[in-house]
């Protein structure tokens, strides 16, 4: 069964392996008339690009996107938007030694079990390069959200034990440090930790938080396609994500109802608001108009340089020594991926919600 | 857009409101020839039935399932299995006072925003009775898993601050206490806490853990339809779930790679095994043959008996006093729901995986 | 794989066997606020009910529909509408003699090949009773179309060699004769033919035409989900349909471009119109605002009373003599099925089209 | 809503406009281990290539396919296969004069109605170049069918009034004439007719027949996803197709049951066979093991060189004179498209059928 497509009305299909000719995405269901250029996509892709600082991988790739279809004179046409990024830095030689052994924490073994063999070059389809398609597609979704007045902010909230201090939150700081943390002091501590990891030939995980503001109330469906469920799937489909929270998340499980319930109130302008937002912007899986807040918990990069014990694909014990270009932390580069996956879910929900009521149809067709 | 269906090859579509005539489910895509009786379904439904002990709701319903189609002489026929549970205990009068006010923590407000109005009787479609369809459908999935040698165990691992002691884990204990905890001492502490909540007119959340054993390696798809992503969606689509973890989950985000990687080794029988299971049975989103372990973090029941401040649907402040029959904790009754949702995902993945390789097709069709 | 659901945004899932407890449908994705009662559904079901005249089957069933969910105070709520029709006239004894033999023209053999066995009572899932779910779901779609100003007319245009005379077309006549023909003389000839078939223990096929008026231009998608393609699938999914045409259909294949092209012109009110409608209301698979015209070619009922040579399921030659209650023609009862299937496609396309342009989204969300 | 994807388990997503940078397809769900090279794809693409003879369009394009992902060392890997064909012969100047007028029989008007504007160069997404993606994807499906012992034959059975003589059917002849007819005399008459059309600045339609042999019994689903319904959608999604038949098709509607029923018999080897095949290889929408036969009725090319009356997009009458490179008949080039669309449906059904029975699952997982 397929598995490389995401979304219902606004739908992306990604393709490509780490060391194949290219990676890419087809966006289907994008409304016509959205201004879209390659620069819009490139700005997002650049955020996930490796080789940007001392704390990320040394692999240098230009990762330049080309739009092949679906736009005309700077606007989307309503037909599929095909985007491609050529793989320029592939050095197959780097990976030959791991062709027949199973790297711990990687998908080598499970690919062999599923498919009988695998494209072992650089992780093939399970490489982080797979996220290029997500980000290119998500960049289009972000343009739709922007046109509808919705903003998405994502940042690193923890690297290993180093957490952002909520009191020190400064959105402007996010893009000033290479770990995308909204807290300068935390960012510096995190960078020190990462360099320490590199020195110790180890790696570390972290947490990414995403805040979606000005979402209209009413998005999401009541049962299986709750907005929270679709966001959970979107986020947990990103490689290395091992946990997902919405609103108070795991803390809600320890809370009492009298604390966790968000009281409704009437705002100065007469609208209904919530006094608190423990629920993270959703009630019954449907957006309530307050900020949607979610967190992705990311495991440490499995590629570490210290020697590891493992086995070969013909059943012999092997001492593995990974070489090449690997981040000691994948979290900062995954920030834009989380942002884009969240945007894809919201764009889809915006479109689905337009048919929720009969008067929406009659207003549209009987005008 | 729909939203009441779940699964791709093995697919359920649920329907029904708390105080309508009935609730039910249609299971489509169930293989022919599976032995299935109403007793199989009823056994699962009975686990989510209210009114079973002093710590769960006082609402008494028989919740008797009737199979209307899809079986013949005790076997599934391959055609849709329609199952229905009549609502027998609906007392609409209980709910009339909340028809025009928004209960904190409930979906009243978001349903009004989405649909323009709502069936306010007992929460309508957002009631916990919605899970009857999930459980009835999941009971069929559990039969498929059993036939394939896969077992699913779910239990309460925490109620508020009361956590199961892993050292004291005793699977046989799960069904001996009304909170479904695998640790007698924790269960007693949890029951004391729940009764205390009831006395204080408050409620409490908790954590449900699910263990899936003997899953063949290779299930799940590499990108968006990772088994972890589908499980995340399945679990987070359950009302009140605010967090999801797989394997070490949120702890993985704090770990170093050298700790978190599970080394491969050769078992006595020559097969490949993992020495540890931090990953929770999945690598790259695909099952690796070790136990799949997941956790659902459940918020406290929003229906609490103490007075709450809220607003009416015409914008006036209201002091709300909820009456009726409500659990101070929803966690124990949700254990079977988590188990069933997990089973639905695995059954679907089992079927999808049968076409992963070309030799599977040629073996099947050229024999 | 499933296969009992139809539609994307407006989606029905049907279930039930001829001689099971009941048949039914779940409608998911119906907009909230549509007035809907059981009488709306019953009116459509009554058109496919057997036992209505001397030319249709003698089986008498009340086929009374019950709405179990999805409406509140006479309006749809946006949640799934579950509808059920109990099977009241099932007499299993009628069918026991065909339990182990393959009726020519029926699905007995193919069900055995697919599933390994079958519910042989009355055709099971492949019985014409399966269409009850389609009609009940289509009745809801028809209400949506009506609210949007779209009308659907379906009728028998031929029974065997007896064709309606286009010059004599009289819409009012359709419901005045039991074969639903818009031409009194043709209807009388058709009824004579059917009675002759009954006498000769034979059966006959026919053609159903469907006209959809006031469809807004722009419905349908450009490539695989052309409105014509979705209509073709809808119609060809009805049992016994062996051919499908849109507009001039098979005649277009014999025509020259200079005849077949419909010239555009400016109407008196300044709008763009087509001077002819060879295309049947679609260009490039997308509605062009003129009437959509389609035809379903229906094979003769396979159940005939004269003796037939066939084989048993253990490989012996058998002389088959079908008993029971069977129409010598299925066409009139299928008229409402064609109408409902067409309505399902249009309702779905109406909803999908509401997100085709970016200004539709910004108008909706930024107002 | 999307609309550029086709298939469930074996799924293609096409993209690209006539005069954009490229056209292409992503194939998702292809089993791993299928031998596949660009030459396999190219052989099919070459059949739809224009400029091959005096009776097809003069537009010369190399239409060379490049596989960008999803294969490794000559085998499919189970991950998405992305294929691209660059547009090399685009001369935008040819089309500027029709930028603001609606060509009769084309989708110009409906695209404007749907999307508000269109890429007018060469028909954009509604150009016949859109079929390149279908053919490239279908070529992969054909390889799967071949591996499972299934063969697909497609050919032109009529051009305008010129029909193939069934008695003269010669499969070897199909590839010996540029109209792909299995009857030399008919092919010559058809070519004369086409040249006459060209001289008269007119165009003509035709019929394509497709024969699928050695299909195992049991493919297809009983209700909406009947194999006949999926084939109908596949074929009617091809631009210019106005009618679809399976087996006896429209003739079945004129037949009596005693003629149309195919009697079952026991073959010499003890297997169940049908003595005739009026049904065209399907019973109840499920394959019965005999040849599947279908026909596509194709309208004349709407681009004709004689002057036509139409209107501009600002509502003025226009006399249109189409220039450029256009076939007087599209039928021969569409033969491979019909073949590929049929192959896509069968490949998908082959995969879906592997989970139809419970013992298929237990045999697979408990071995």
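Just so it is clear, A, B, C and D label the chains in written order, and each chain counts residues from 1 on its own.
The working rule: contacts are C-beta pairs under 8 Å (C-beta built on N, C-alpha and C of every residue); 3 or more make two chains touch, one makes a residue touch a chain.
Keep in mind that what you see is a predicted model, and the values were worked out from it rather than measured.
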When A-C and A-D are ranked by contacting C-beta pairs, first place goes to A-D
By Cα centroid distance, the chain farthest from subunit C is A
Centre-of-Cα separation between subunit B and subunit A, whole angstrom
26
In whole angstrom, what separates the CA-based centres of subunit A and subunit D?
38
Distance-wise, how many Å sit between the C-alpha centres of subunit A and subunit C, to the nearest whole number?
44
Can you list the subunit A residues in contact with two or more other chains?
1-5, 8-9, 14, 29, 32-33, 78-79, 114-116, 125, 222, 352, 355-357, 359
Please categorise the chain-chain contact pattern as a line, ring, star, complete graph or other.
complete
Give every residue of subunit B touching subunit D within the complex, in rising order.
8-9, 29, 31-34, 76, 78-79, 144, 147-149, 216, 222, 350-352, 354-362, 364-366
List of subunit B residues in touch with subunit C within their complex:
1-5, 8-9, 11, 13-17, 20-24, 26, 28-29, 32-33, 66, 68-70, 72, 75, 77-82, 84, 114-119, 124-125
Looking at the complex, which residues from subunit B come into contact with subunit A?
1-6, 8-9, 14, 102, 104-107, 109-111, 113-116, 125-126, 130, 158, 160-161, 197, 202-207, 217-226, 228-237, 239, 241-250, 252-266, 270, 272, 279-280, 282-289, 297-304, 306, 308-311, 315-317, 328, 352-353, 355-357, 359
